[in-house]
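Input: structures, listed below.
Note that subunit A is present in both complexes that follow, paired respectively with subunit B and with subunit C.
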Partner chain A sequence: MNLLARTSAVFVKDLLSEIRTRYALNALLMFVITAVAVILFALRGDTPGTIVLAGMFWVVVFFTGMSGLSRIFVSEEERGTALTLQLVAPPGVVYFGKLAFNVLLTLVLVAGVTVVYLVAFPGFIIQTPSIFFVTLLLGSLGLASAATIIAAIVAKAGSRGTLYPVLSFPVVVVLLMTVMNATIKSLDGEPFSTAVVDFVVLISYVMVMTAGSFLLFEFVWKD
Partner chain B sequence: MVLTAENISKTFNRRTVFREIGFTVVAGQSIAVTGRNGAGKSTLLKILAGLLTPTSGSVRYAVSGSVHGPEDIRAHLGFVSPYLQLYDEFSALENLRLLSRMRSATVASDERCREMLTRFGLWDRCNDQVRTYSSGMKQRLKYVVALLHDPEVLMLDEPGANLDADGIAAVAQIYESSQRRILIVATNDRSEAERCELKIHLGTGVS
Partner chain C sequence: MNIVKYGAIVLLTLVILAGIGIPLSPAPQSWLEFPVIPGLEEKARNIFFHVPTAWTTVLAFIVSMYFGFRYLKTRNLEYDLKSVTSAGLGLLFCILATVTGAVWAKFNWGSFWNWDPRQTSIFILLLIYGAYFALRSAIEVSEKRASLSAVYAIVAGLTVPFFIFIMPRMMSGLHPGAQGDASGSGPLFESGMMAGNMRILFYTSLLGFNLLYVWLMDLRLRVARIDTEIMDQRSED
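Here is the complex of A and B:
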């Protein structure tokens, strides 16, 4: 209970900080709007198929996430509060508190991108909502888990801006392929059972990524 | 509590900052770490607090017969330093509440917060965001954060930095009221160093 309360304190601190500073939210919002606007200009009124729509959906989520999710650790390093955090909380508490905040931020992001896609692309019709929402949930958990540990690594490096997407891509490529596959199924109206294999892959990914990150985090966070 | 540092050395990129530093301090004792700029005073404090890993050597804290590493005694540690920042977007009270909850899962009582903020002359501005504070007020708030949980080990890096006469007087009280704790001070101010019982001059050793 003690560790849970301390973890929730890290989460609450980040949530209140984000509400006041809008470090990550503004970056995410601007990126979504810009990316979708560029896609609309490129399409010139054409209606893309479900494969292209699903691919573009996750491309926007991935690159938007890469522009905003790293703030969770980068802002601590830039403001000089990382050492304070190291002093008051053990690495596990910091990791899970930050992970919880990134999960929330990613869920807000995918919800926002979904709304924008539903409005901007008439062909984006979710025919099997159960597949779509489970994919969004597991995809968000996986993306947040990968983004959190990579953000911790990148925050300690010099060239933060360019390093983040470069480091992230090989880590999340399996996740992206799987969520795109499941999203195509939801847009094509396939039954829930056809996506079960994708969900098993996603659950495995989340478990492996979270456990591995937790074990690695102490070494990344210290020094 | 007993702090034992054994043969601590630290090297950054092949440059040895200091080597084979060793000392023992018991509760109630104070130790001053002095030395020229770049001698490694702050680095030594960070190693003692477990924020940096020594290249060689070890730091141990003995509490009631059991031995712990620096990471295990963080709940009993207070640290004040110019490079340790607080959250600018929160008020002093919010900082105290959030940091105390992260440290021990319990929120510091309003009474304790008021007592400490009053002691360091910040009570009147306790609801203002820290970004509106002067550098001296931020330094005072760092003392409040460090002392709020009445730590058994207190580390002060450049304790007088940015403080006015009142602030320095408040810090002087800490020396007087630290009979039960281990006090470690990194400083180049001779008067601050003179208040401590033990001294380490990086470059020469313990005296």
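Here is the complex of A and C:
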């Protein structure tokens, strides 16, 4: 099998096991609904401005992602299948297969959060859809690329749940600041050209993170 | 190592005495007077302490990343020891830079913390150090601890250029060199407000703090090696 086919085999394996249990998806969905409900209770009918809405949007995405994205590697350690996977596939194949799955999961997550926000907050009106969708796409790619390598580290370390957001936040904070910036622009109805700067930062972030993780993954994965 | 030790002591004593003692004058006549920088006045003296500690923080982080990288290449635990020692010193200098910066911000900008891009960067650097040590304390096996923390240091280090080069130019800020400030690295350096004698003292301080870092690194490495030897002897008994 060539590398692409092997990578997609790892991806399909994770996708199938997710479809059978729907563990991550259900947990993420419930987390999003709980978080948005807490925000709505806290607001008590107040209508927040675009800056707060854009910020809250990514706060929910970040913490929901932190509760579910580490599963990709933690489940391998828990089920004791990590060694088998090490034997049958080279590290790069495993990394990109897992990354692809996390990208898909993050895309589903941000789509879900968008729908919930459109329903729950009357002030959440996407005035420039082009900025919004490019931000969601690049933001998901960036979040997934950082979350995947940190998940690999956390899965090999002892305490899994608590450490994950602590390790992830310093790494993704650049990404969060940039996507929040771009999301405010899309809610305020600014033209597409104003957000190009943010997109350049996001694209370079995704490339740096993915390339760095690919090179370093081997040292984490091999025992 | 004695040269480093005495060099650090002599240079930093000189910097403390001269940095605090040399009087300010609106029109400096002799080389033993600093010019008054409008808006900074006496507060300008902090530049001899705040900037070198911030510089040493970044240096310690780069050294830590470098030895982490060497560990991954060679699997020699000696490199991991150097990496973690440098990270510990980096945390110390990071706290010093944050505190001197916060004090300076209080008296120049009105509050201890303003979320200026550089303050944000140093806060994130503190978080990175905190996360690094949290990760290390979570792992028992020393080889695993070494390789995982080295990878984390490098991954976190990948985002540092974004803070240094991109964030300050995207966000408005208060530090010299922020967005809207055309004078590049800052008015103190570029527009000639910092007189020649201030520059010399500044570079002396930079050298002094770097020597202090090297000296502390040597001391802590020696202590760590003695610690591991004692542990080994105890486990043999």
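Definition applied: the second predicted complex is superposed on the first by the 222 of 223 C-alpha atoms of A that agree within 3 Å, B and C clash if a C-alpha of one lies under 4 Å from a C-alpha of the other, contacts with A are read in each partner's own complex, and residues count from 1 in each chain.
To be clear about the criterion, a contact is a pair of C-beta atoms (placed from the backbone, for glycine too) under 8 Å apart; a residue touches a chain by one contact, two chains touch by 3 or more.
These numbers come from a predicted model, not from an experiment.
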Check subunit A with both subunit B and subunit C modelled on it and let me know: fit or clash.
fit
So, A:21: does it touch subunit B (first), subunit C (second), both, or neither?
first
Touching partner for A:125 - first (subunit B), second (subunit C), both, neither
neither
Looking at A:42, would you say it contacts subunit B, subunit C, both, or neither? Reply first, second, both or neither.
neither
Looking at the overlay, what does A:12 touch: subunit B (first), subunit C (second), both, or neither?
first
Touch test for A:87: subunit B only (first), subunit C only (second), both, or neither?
first
With the two complexes superposed on chain A, say which partner A:196 touches: subunit B (first), subunit C (second), both, or neither.
neither
Between subunit B and subunit C, report the minimum C-alpha distance in the superposition, expressed in whole angstrom.
6
Touching both subunit B and subunit C, residues of subunit A:
223
Contact footprint of subunit C on subunit A as seen in their complex:
146, 149-150, 153, 156-159, 163, 166-167, 169-171, 173-174, 177-178, 181, 197, 201, 205, 208-209, 212-213, 216, 219-220, 223
Spell out the residues on subunit C that touch subunit A in their complex, using ranges where they run on.
72, 124, 127-128, 130-131, 134-135, 138-140, 144, 147-148, 150-152, 154-156, 158-159, 162-163, 166-167, 170
Touching residues of subunit A toward subunit B in the complex: what are they?
1-3, 5-6, 9-10, 12-13, 16-17, 20-21, 79-81, 83-90, 93, 222-223
In their shared complex, at which residues does subunit B touch subunit A?
49, 51-53, 71, 74, 77, 79, 81, 83-90, 94, 98-99, 101-105, 145
